[in-house]
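There are two complexes below, and they share chain A, which is joined by chain B in the first and by chain C in the second.
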Partner chain A sequence: MTKQKISTVSAVMLTLSIVVSYITSSLPRTFINETKSATLLNIIYITMIVLFIILLFCKLLKKFPGLDLLDISKFLGGNTLRNIVGTLFIAYFIISSSIMLRNFCEGLVVVYYPLTNYIFIILMFIISIALTNRLGFQSTINTASIVFPLVLISAILLFCGNLDNFSFRKIYPVLGDGAYNTFVLGLKNIGAFGGICYLYFLPPMLKEPEKLKKIAIISVISTGFFILLCVGTLLFMFSFFTTTDEIMPLFSAARHIEFGTFFQRFESVFLLIWIISFCCYLSISCKFATHIFNKMLNLSDMRPILNIFIILIFAISLLPKNYAVSNFVETHIYRYLRIAVGFILGMTILILANFKKRKVGDKH
Partner chain B sequence: MKIKKFITNIFNYYPNHTHQFSLPNNANSFQNTQNENNTEKKIFTSLDINLDYIKTKYNLLINSDIVTREFILNARGKQYKALLLHIDGMVDSQILNDFVLEPLMMRNKNNLFDGEQNRVISEAVTNNITVRKVKKFNLADYIENRLIPQNNIKQENTFEEIFSGVNSGNCALFIDTLDIAFDIDIKGFKQRSIDKPENEVVIKGPHEAFVENIRTNTSLLRRFTNNENLIIESLEIGDITKTKCAVCYMQNIVNEDLVAEVKYRVNNLNIDSLLSAGQLEQLISDNNSLGLPKAISTERPDNAVQHLLEGRVIILVNGSPFAVIVPAIMIDFLTSPEDRNLKSIFANFLRTIRLISAFFALLLPGLYVSVTSFHIEILPTELLYSILAARESVPFPVIFEIIIMEISFEIIREASLRVPSAIGSTIGIVGALVIGQAAVSAGIVSPILIIIVAITALSSFAIPDYSFSFHLRLFRFLFILLGYIAGFLGIGTGLFIYISMICDMESFGVSYSIPYSSMEQLKNTGLILPPIWKREFRASYLATKKEKKQKDISMKWKTQ
Partner chain C sequence: MININNILTKIVILVLVIIFISSFSASYNTLNLDNSAFVVALGVDKSEADKLELTFEFLATSPSGESVSETKPVLNSVQCSSITNGINIMNSYLGKKVNLSHCKLIIFSEELASEGISNEVYSLVNEVQIRPSANIVVSKCNTKYYIENSIPSLESLIPRYYDIFPNTSKYTGYTCDATIGDFFNALICNYCDPYAILGGTTNSENESSQSNSSDDSTIKSSESPITGNRLSQNIGLAVFNDDKLAGELNAIETICFLSIKKEVDNFLVSIPSPNDSNSKIDIYLTPNSTHNINVSLVNGSPYIKLKLDFSGKIYSMTRNSEYLDINILNSISDSCNNYLESQFSSYLYKTSTVFESDINELGSYCLSNFLTTSDFNNYNWLDNYKNATFDVEINTVIDSGFLLTQT
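This part shows the complex of A and B:
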């Protein structure tokens, strides 16, 4: 009897599925708002920085083969630190899912269901992840592997379908509001690569843990390419002054696709794919939160407490009073949370653990 | 009491007892079978050694249909130990008894005749010295020419040739002291002479189907396989019926863990009766709430053998003309036995059509409901006008309209299955009238809906597997409901749950959604069939002992 593990390609798909949810909500808007015509340059710059960080991450993990961040935290500060780190990451996964869910649902209310209360739309997602959370971890990974190629096709179609509407001059001036804004203030956009913080927990689940470096590098480059594709579509199509007003910018771009007079207005098909992908993201976050909780408390059976995380996501997503509040949380707080937890916390633990490892040698 | 039980059920903790089994799906599990002794093995002069060799090669301890009959043969007044080897169900027992065993065993003129009278061929006397030319006695020739009154008999000196004959329905006679064996043609397997397969019709393939007799079915497998590595293990299921079943597999190909798991499940059935392969399929498969089939059911021996050679396990049930094949993945239910007989370009075209059919059968009505209720903008203006015009006279909401039509269609389909065939055509006429004309004329449904229902129905007929088609028919209603509740949001969340549940499923340790979910470099597993010369590998997820089923260059004639 062998327990199935995650293959290399599936792991890449998993990290990419996370970024899809960011892309379909407000991420392109944030990018374009802050770096204007230098957005594409900023994305390439950010990708290179994240690539450097991820190489450092792989180097730091080299001394802990097959271990995830929880195991490394335990090595560094015992069970106490492990539990603190675990709790922080659970909170991060739950809060991020809740905020994204609320924003996505608010977007859906605006574009398709103006007469429906957003709670019902949130409930649709909650029910779907409640049902799938009872299934194995492998099921979520496999679903992400099936769904992401569809999302990628939709993004490519979005780009190609809108080629007629593109005005490539919109990348000028190349440096947007200036080099400082693009390369220094633009560093805040590093949060777009928040998907890589899921990599911290992947090593024990991988079929070939030695390929983590390959997974990480491919994930970063693919994420960069995907963001470039989606944000590029928006940048070339709309003036960045109008784009900022859109709730779901990619959805607006999809409305302009037309092939002849018969094939027009396909945005709802894109939306169908993004909805499935968003469900994937919620399910992945929920599964990771459950997995961390399970590992922290060493539970043999998680079924009785599975729904607690889902109820938490539901409850937190209802907290913002309206779309303005939830949007503020996403654009001004959540992005820093992504950087703090995804990059700073994880990397700090890895660096300290490496120091300790060097100090105590190979005794442990 | 019931309330107490209800509350207990909600709040009590019940440990998770699920039976888990998974096959390793990496190439490391492939066992090296290159060392198999493929050299031709000569027949031994000792009967006991021959018997031991046969026992090993045919796995007589577990193979239920291989028969060895030891007896004493009379020839020229002397007695020799002899052995008959044949496969039950493939030989004609009457011929075997009357024209092989009886002449050899019974004392009669032929075998009592010592031959001394005829030994001298010629005699010459020179200088009072008599020179006689004496015919050297040859037991093998003597038996062939005098004792066995059979029209087709051959002397073979290798086991390979003998086994080939036995596998194709002949009987082998081994005699102590002889280093040859006789391959006697007494084929007598039953063949379905009248009926063709009813459910899996192919144009270019064989037109033979399994029958109700298990022994006939095993003989069909033997004949198609024509290899001694085919193991057919017999067992009985059901405390009352004691139904005979046979677990069949190629011992040099199949993963042994898979065989063990199948036998474990089959042997651990505590039931009174087993009357069909359909029941067995349900009893040995893991439960799934989607109702998807987890075993392939076929009535075609050629299809069964194809799977057997791929490294799967077949289970036959006495009294049922179907073979149950495990494990099965989702793609198996979109493939037809005909695909292998066609050029890959045509086969792939048909498979794509079936995939589209599956999509339509499951989602088309749901998509129609959601588009007409929530996403009208997707429709071109002209089409939208014609739909609205057609629906103008219909007083019902679209959900009511489509459910009426779908249920009516299911009723007609069920009725056409149940009525005697003589009045079957009447059902078609009534159905066409009710669905096609009357409903539209009466203003109950719109004409465009008839098109949707018709395409959906035709799509469900294009699915090769009945159980899979059934599953799509049933879940179509769920998607109609979701489409009506929330449009593409409902369909999207429903699809996500559906895909997740499929991805969670396993059939005998193999992921049901392979190869599209695992994203590994699996060989020969996809929906797209490569050209016949490129099908070198067995499906990797089966983790078979032999990875390859043909050489890299299978069409050697092209390279010479």
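This part shows the complex of A and C:
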């Protein structure tokens, strides 16, 4: 994928950049719509579950040091399984990026470009990731390492700037729609930690692969904190996200920030930071898809493939007929896809590979 | 030697630039300063034949795009079936696009507000250009008349005046910084009701409105003893039950509302003198941060206990005042407590029994009594608020006066 290896900090920033794209689209709205006042409780609960899963992931990966999921799939079921798993992950990365891109651009059309066709805005993002990919993966990683702290600062500013508008009593009733909805149906929100998928392919790219556990734990805790901060802002501020949908929930919160009559309209700055971060997410997804494809087919030059995947993202993002369709895909299909591919498929392969390893070890 | 790749790259870049210029120029033209007419206030009134009458107050701009420092407003009105249609018609009339991104004031007439304004508020919130911080006013008079007479006498720019006047709520408590964002939030909320600034006008420049108030603090818009160059007034609060206007609060009731919401920094009250029931003492009160509100359910009805703490200084000074005597200060504190307790109780019972409207979001303090949202929804707080019992406890600590402590 790249000659240069990724440092521990950059790896954490890379996984965190993924969650930014979810947060800026409909994720906070989905959280609040489904778990109501128990949203924060649900976030803490699923963070703990994901932490447990990630510890299991690190334990399972211990027997395969420096190998990624493709290598492990090959060990488990040969080239056939490797190709199936690789294809599924490529499809997941490309489709998810396309749908997120479409929804994000629909939001931009409403906010800033009322008379511009969304295709041109999507095209702008496509050109930006095409240019980024020409500069190499390291440049994307470096950009993500710079941009994510800015995103975090913007989230903290969003929280602090709106403190006057908060009503902390909105965390009551504690159980929201009930214990079953919060702790059982609320498990669907585990998809918010979709950045975990990228960890499956990180080990061979790391400068210090032995620090994968540290990277994974920091990523999960930071993702949980980031989601808590952003969703908390919306929960404490608005009472309408439980019944009414807004196209970009965090943008709505940003519109309320005012420091006197002089410092107003901060949302433009926030949106600029989110756009840059979104470009990083697209670039990372595209790179990972290309990396898997190259590894599957043992290709040496990834640049021509990269352009094909970029065009594929562009084409798929145009498929939904309108925002209603793309929003439906994001909130009702994509979240299950994240759970199925990110958690169930990946962990199943790791568990089965560990069984096989033990069996092979026993025979030897 | 000609490099084909270089030429191809340049052609692709050129084509892309042309595509982007043509695609983004439409949005640029729409939002361009030269093509925009900036609205600073929007009046929504009811016209004949059940239509809406929209009044737009525009900011006149010079050819260079700078605002003209004149206070004379440019007003245009249109009769229409909906706000969106009205804006569209106005676009056509002006030959420019109406831009609401600097609209600071949205005024609804009392008549329209009584019939319900949820459709209009939903439409306005759906408009990207409208800021959630735009203030919402219910005018006791025709909205066009209100806007025409809202020319500031001390400011050179109208938007500046619209920006500043709601801030007086912080140190007078006589009006409120009610925004359309809060209004929309309360409209959808299942434990609170919306409110707006109460606006109105005096009859003429040299004549105050007919005020029946015996007390200075019971004044409200259109019923105040003010005379001045500007005829419009913003005193009091318009209380809504769901989306319909339920009633009005006067100045002292607005102070009670703001104190419970912790949105007033200081305010002045005139309390009966402990020594002479016919005379009054002016006290400048500062709410402490130790407000305590507790809501419990007793026999299915809300029992609301409010404990409010204030510290105050004596403003009014007369001959033979002894404001260093601890006994006198205590008696003034007691008098102030009694006065405030009666005002707060009267205000709270008025909102619950007369208006049946929980504008103070007291329902949010009740949320912790329920385990699930459905339990709370089944209880139906807004319907039960009228059965609420209030227990108000005021604790005021009065210090001596400002520069003079005794005369």
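Just so it is clear, the second predicted complex is superposed on the first by the 353 of 364 C-alpha atoms of A that agree within 3 Å, B and C clash if a C-alpha of one lies under 4 Å from a C-alpha of the other, contacts with A are read in each partner's own complex, and residues count from 1 in each chain.
In this section, a residue touches a chain if its C-beta (ideal position, glycine included) is under 8 Å from a C-beta of that chain, and two chains touch if they have at least 3 such contacts.
Since this is a predicted model, take the numbers as computed values, not measurements.
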Which of chain B and chain C A:178 touches, first, second, both or neither: second
Which superposed partner A:201 touches (first chain B, second chain C, both, neither): neither
Which of chain B and chain C A:256 touches, first, second, both or neither: second
Chain B versus chain C as contact partner of A:238, first or second or both or neither: second
Chain A: partner with more touched residues, chain B or chain C: B
Partner chain(s) touched by A:36 [first = chain B, second = chain C, both, neither]: second
First, second, both or neither for A:124, with chain B first and chain C second: both
Partner chain(s) touched by A:112 [first = chain B, second = chain C, both, neither]: both
Which superposed partner A:159 touches (first chain B, second chain C, both, neither): neither
Contacts of A:167 with chain B and chain C, given as first, second, both or neither: second
Overlap of chain C and chain B interfaces on chain A (superposed complexes): 112-113, 124, 127, 261, 264
Touching residues (chain side chain A, partner chain C) in the complex: 36-37, 110-117, 120, 123-124, 127, 167, 169-170, 172-178, 238-240, 242-244, 252, 255-256, 258, 261, 264
Chain A residues within the chain B interface of the complex: 1-4, 7, 9-10, 13, 108, 112-113, 121, 124-125, 127-128, 131-132, 135-136, 138-143, 145-147, 261-269, 271-273, 275-276, 279-280, 283, 301, 303-304
Residues of chain C touching chain A in the complex: 16, 19-20, 23-24, 26-27, 29-31, 128, 131-133, 163-164, 181, 184-186, 188-190, 192, 361, 364-365, 367-368, 370-376
For the chain B and chain A complex, residues of the former touching the latter: 13, 15-16, 20-24, 371, 374-375, 377-378, 380, 486-497, 499-501, 503-504, 511, 513, 516-520
